[in-house]
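Order as written gives the chain letters A, B, C and D; numbering starts at 1 within each chain.
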C-alpha cells in the first residue's frame, strides 16, 4: 500500500474482514478494503467474484454477515441506503436505480429529505452539478427515454448532487462507447481533484491503468491483491484474477460463402431505439460482420428486424430464399439470437436444463437443429456456467452467468446457420468473454453467418471481417477489417460523415466530408 | 322467532305443525317477503306452529335442495313464497307425497294444484288498481313511477295502476316508468326519483323494496308524497308515503296450517284479495295535510264495491 | 328534451359520481403504486352499513369516520394477507368483496330483524346558495348539493396536489413504475404500497357511506350494486390521475343519470338497453383512451428518440 | 421442512379463524354455536342429496376454472365467464328449442346433447372474442372489458327472456320455455340433481392435465414472462390472446349449456350465478393445476352447502353467513397458499397487472413500461 497523508486516511472508508454468504455461495470471505479520498479505486475480478456484493455492503444496500466498517475512524454500519447517503457514501449500482417513468429531476427528488417537493431548487442544484461535471443530459424527460449512456451519466450526476464524498460505480462503462467512456473518466478525475473518493468496478482492465490510483482484485470472494494501479499492467491484473490466459487465437483467413441473410432498404420503427431508415445489409456464410455505433443508433432495431421480432415497415428481409420470415421461421432455419438485454432471452423461472432444451421442447420434435443429445450438465460445464446445475432456476444466476447460459443455449446445442449477437460479452470477465468470442469464430468457421454488434470496438476489431457503423438508424459507413482504424470508426459513430454520404461504399464514406461543428448532433 | 327443533315425524301429533318456508328476498324487506315472515311469527306466538325460514332463495338452483332438505327432515308444511320457487316446489313435491307444500305463481297457478301442493297467488289487479286509485285520489299530477326491472309482474301491476289512477282522477298525467335496473340499487332509484320530481312529478309510485329506500329518501327530501314505499325505506321515507298496499299472509297461512292439522290439505288454490283480508293497505297518511281528507273514505267505498261486485277490475 | 330534464340529469350525474370519485381517487393511489384492490366493492358496502349503524346513535360525522375506519381495517387485512403472507392479490380482493357483502347483509339482518321498520338517519343537509342555486340548468347541479359532494371535489384537488407537490406522490409513482429501482434509490416499496392501500381502503369505506349518508339515509343489502367494480374501470379510464378519475366518474355518473331519466321521455327503448348503456359507453371510452394512450405513448418516444435530441459533450 | 410446519400451522389457524368468526356471528344471532357447527358438517355430508348438491355446485366453477388455465398461464386475466356462461346458455337454449321446433318430438337425446354443447361452446367463445379483439387490437385491459361486458350480457339476457326466448306461461321470474324432455341430461345419482354432466369435469381435468405437458403450454408460459422470446417459439400475442380467450369462452359456454340442460331444464336470469369471480378465484387457488382446481371447486361448493347447514341447524342465523364464511375461508386459504408457495422457494404469486398483456405492442415487442418491469426484476450486469 502506498503511503497516504494522515488527512486522507482520516476520511477514508475502511472495511475490515467483511464476509457475506448467500445460501451455499460464499460471496465474500474476509475482505478488507481502504478507499482513500481523492482517488479512484478500481475493483476488479471475474464474474461472481463478489464485486457487486462488496459494493452493496459499502453502500448500505446489503448488510455483511461479519466484518466492520469505518469512515474516518468512526464506526459505519448503515442499515439502508439512506443511512449510507447520510454518511456521504453513494452508489450507482450495476443495475441502474433510476426509475424509468420519472425524470432525472424526479429521481433526485424521490428521496429528498423534504416532504414537499422543491422542484425549482432541485433543478438549479442539478443543473449546476451537470455544469460542473460538464455533461449535458435532459433533466425533465423520463429517464426511460434517455440512452443507456445518458442514464448512466445522469445517475452519476444525481448521486453527486446528493452530496457523495464516496461514490461507488458498478460497471459504469459496460455499455458505453469509447467517447462516452472518455468523457466519464474525465469527470471522475475532476471529481477526485475535489476530494471525492471513487470506487470503480470494471471488467475492462485497460481502464484500470487509465484512470485508477488504487486497485483491489477479488477472486472467488477473496481479496487476492491490492495496491497502486500504476504498478500493474492489464496483463498482470488479468493473471491475478484468473491465472494465465491463453493468448487470443490467431485470426485464420475465412472465405465468405453465399448470402444467407439479407435486408434491402428496410425501414422499421422502434419505441426504444432509433428507427431504421433504408438499411441494406447482407450477411454471408462464414463471415463475421461487426456493427459499431453509440447506444441508440438503431442497433437494437436492426437486431430485432433480423431476428424477426420487429416487422419492417418497408423493404425486404430474406433468409436463404424465404421472404419475410417470421421469428419462428428464423429459429427453425438456425438463427441464433443473443439480445443486448439478456433478460429478453431468458425466463427466470425456468431451470437451466429447461432453458437449454426450450427450443426443442417448445417448437416440438421438428427442432431446428439435428441436435446431438448431449446432456445439459456438460453443456453448462462447456460454457463455464456456474453453478452448472441443470435444476437451478435461471433467475438465480449472477448476471455474467446468465449471459453464459444464454449463449450456451444459442450456440451450444448444434451448429447455427446465422448468429445475431449484441454485446455478447457484456459484463463478462476476460476468460468468459474470450471463450465466447472463440465460439463465435468457431461458428463462422463452420459456415455460420455471424453478425456482432458491440460498443466494445476492441472486440469488433478482433472478431470481424467487415465493420459497419450505425448512426441515427442508418448504416453510416462500412469497411473491410483491413481498412479499419479506431479514429475512422469513432468519427463515423459520432455522425461526422453521415450527412454527406448517402451510400455505404467505404470510399465515399471515409473521404467525402470535412467535419464541421454544425454536423455535431 | 325462537330457534326450533324440527319435528322428526310427519305426524302433527302434538298439534304443533312444523313449517319450512322459503322467501326469494330478505325477510325484513318490509314487503312481500316480510309478509310471510310476519305471519309465521304470529302463528308461532299463538302456539300453532314452529318454523324455519330460508331467505334469499330466488335462484331455483339454490332453493330446490333446501326444499328437498326440509321435506326429507319430515317438516309438515313447506311454503314456497314467491313465483321463483314454484317449479322447485312442484319438482320436490312429487318425491314427497306425504308432505304438504304450497307454491305461488301467476294467476294461472290456481289451476295447477295437486294432491299435496296447494297453490296461492295474490290479486295483482287489486294491488295495482288500489295503489293507482289512492294515487289518483290525491289529485296530484303528474305522477312519476320508479321500478326495478321490466318484468312481467311489474308491468302487469303497472297496467292496473294506470286504470286505478284514471278511475280516481281522469285528468291525471303519468310520466313514463323509469327502471332503476336492479332490485337493490337504491342510489340509482333516488337519482331517478329526484329527476322525475325535477321534471314536475308531484307524486312518485314504486313497488320495489330495495329501491324503495332510494325512492323514499329522495321524495322525502323534496317533500313529495309517494305511494307504495315499504317500511324497508325507514321512518323518514314513510313520513311522506300516503299509503302502500300490502300483503297480509296471516289468514292464508293460518288456513293452510289448520288444514294440515285436520289432515285435509291439498287440491285447491287460493288467492289473496282485499275482500278476504289477504291484501291490506296502510292507513292513509295525509302528509302534513297535503292529501285531501276524503281519500280514506273513498278507498273504503272502493273496497266495499269490490266486495259486493258493484266494482270490477278488468 | 327540456332544460329541466337536463338540469335533473346533471344534478343526478354529480350525485351518482360522488362515491365513484371518492373510491376512484383511493384506487388511483393503489394502482399508481402498482397494486390492485379488487375488494373495493366489499369495503364500500361494509362502509355503507357501518356508516348508517354508527350514525344512528352517534351522528353523521361519526358515521363517516366509522366507515373510513371500516375500509381501513379491511385494507390492512388485505395488506397483511397479500403483501406480507404472499397470497394472491385477485383471490384476496374477491374474498374481501365476498366478506363485505356477506357481513353487511348479515349484520343488517340482525340489526333490523323482520317486522321492524328500517332504521333511517338524517342525510347530510343540502346546500342552498339562494341565487346561485337558482341558476337554470347548472344551478342545482353545482350549488345545491350535499356537502359530501363538495368534499369529494376537495379530495380530488388534494389528491392532485399530493401527486404534484409531495415526495410521497413521487414515491408512489416510482414504486408503481419500477419497484426494484425505487428500492435501490432508497424508497421502501412495501411501506409505500401499504400506505396507498390504506388510503384506498379508507376512501372506499367513505365512498360507501356517501351512498347511505349522502343520499339515502338508510342501508339495504347490496346497495352499492357493483359500483366497486366500476371504480376499477374508471381508474384505468382516467389513467390513474386524480383529474382523469374525476372526469371518468363524472362521465359514468352522467351516463347513468342520463339513461335513468331518458326513460321518462318520449323515447321508449327496451329498458335493458338503457341499463346497459353506461357500461357499453364506458367500454367504448376505455377503448378510445387505451388507443389514445397507446399513440401518445409511442409518440412521446418517437419525439425524444435516444441519440437524437440529446448528445454527450465529451470534455 | 420448517416451511411445511409453518404451512400446517397456518392451515390450523385458518380453521381456528373460521371457527372463531362463525362462532361470533352465530352468537350475535342469539343461537348456539355448537349446533351451528354440527349443521355445517351435516350440510355437506348428511345425505346423498347433499352430496349431489356438492357436485352440482362444483361443476360450473370447476369447468370455468379449468378452461381458464391457458389464459391465466399467459397472463390474460379474464373475469368474463359470467357473460360467456350467459351467451353459452342463450345459444344452447335457442338451439335446443329450435331443434325441437324444427324436428318435433323424435330427436334422440344424444343429438340434443351434441347440439346443446356445441352451440353453448360457440356462444361462450363468440362472446369471448370481443374482449380478446379489444385487447389485441386496441389494447384494452381484459379484466375491465370482461367486467363491463358481463353487465351487457346480463342486460341482453334480461331482454332475451322478456322477448324472443320468453316462456308462454304466465311467470314472474323471466324464464325461457321448458326444454324438451329428451334434451335434459340424465341423473348421475338417482334422487339428486347431480346429472351426468358432472362427469365432464373429469374429462376436462384430464384434458388440461395432458395439455399442461404439451409444448404449447411451455410456449404460453414463456409468453407470459418473455413475449419476445415467445415470438421465436411461434407464439404471437394475437394468437395467445385469441387462443386462450376462446378456450375459456368455450368452457364457460359449455357451463351455460350444462346449467340449462342439466340443472334447471330452462333458462333463468340467474344462470351464471357469480361464476366469473369464483371461477377465477378457484383457478388461482388451485395453482392452475387441474387436480388443485378440482379440489378447490369442491371446497367452494361445500362452503355454500355447509353454510346452509348452519342455517338449517340453528334456525335463526341469516343465510348471508355463507358469504361471510366463504370470504374468511378464501382469505385464509389464499394466505396459506401464499406462505407455502413462498417457503417452497417458488416465486411469490404474481400480482396481476392491470396493464397486463395489453401493454405488449402488436409486434410482440414489450413497450417500455413492460420492458422496465422485466428489466427491473432481473439483474442486468
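Everything below uses one rule, namely that a residue touches a chain if its C-beta (ideal position, glycine included) is under 8 Å from a C-beta of that chain, and two chains touch if they have at least 3 such contacts.
Computed from a prediction, not measured in an experiment: that's the story for all the values here.
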Is the number of contacting C-beta pairs greater for B-C or for A-D? B-C
Distance from the CA centroid of subunit B to that of subunit D, rounded to the nearest Å? 35
Centre to centre, by mean C-alpha position, how many angstrom separate subunit A and subunit D? 47
Find the geometric centre of each of subunit A and subunit B from their Cα atoms only, then give the gap between the two centres in Å, rounded to an integer. 77
Can you list every residue of subunit D that touches 2 or more other chains, as numbers and ranges? 158, 162, 318, 320, 367-369, 372, 377
Which residue numbers or ranges of subunit A touch two or more of the other chains? 95, 100-101, 145, 271-272
By the touch rule stated above, which residues of subunit C touch at least two different other chains? 105, 109, 177-178, 180-181, 221, 270, 272, 275, 297-298, 301
Chain-chain contacts as defined at top: A-C, A-D, B-C, B-D, C-D
State the interface residues of subunit D toward subunit C in the complex, per the touch definition above. 10, 25, 28-29, 77, 134, 138-141, 143-145, 147-149, 151-152, 154-156, 158-159, 162-163, 277-278, 280-281, 284-285, 318, 320-328, 330-331, 334-335, 337-339, 341-342, 348-349, 351-354, 358, 367-369, 372-373, 376-377
What residues on subunit A touch subunit C, complex-wise? 61, 80-82, 85, 93, 95-102, 106-107, 109-112, 114-117, 134-138, 141, 145-147, 149-150, 153, 179-180, 182-183, 186-187, 190, 269, 271-275, 294-297, 472, 520-521
Subunit A residues within the subunit D interface of the complex: 47, 52, 94-95, 100-101, 144-145, 171, 174, 270-272, 304, 307-311, 326-328, 330-331, 337, 339, 341-350, 358-359, 361-364, 395, 398-400, 402-403, 427
For the complex, which residues does subunit C have touching subunit B? 2, 4-5, 7-9, 11-12, 15-16, 19, 105, 109, 112-120, 122-123, 126, 140, 211, 215-223, 225, 256-257, 260-261, 263-266, 268, 270-272, 274-275
Touching residues of subunit D toward subunit A in the complex: what are they? 215, 218-219, 221-222, 225-226, 228-229, 231-234, 347, 361, 363-365, 367-369, 371-372, 374-375, 377-381
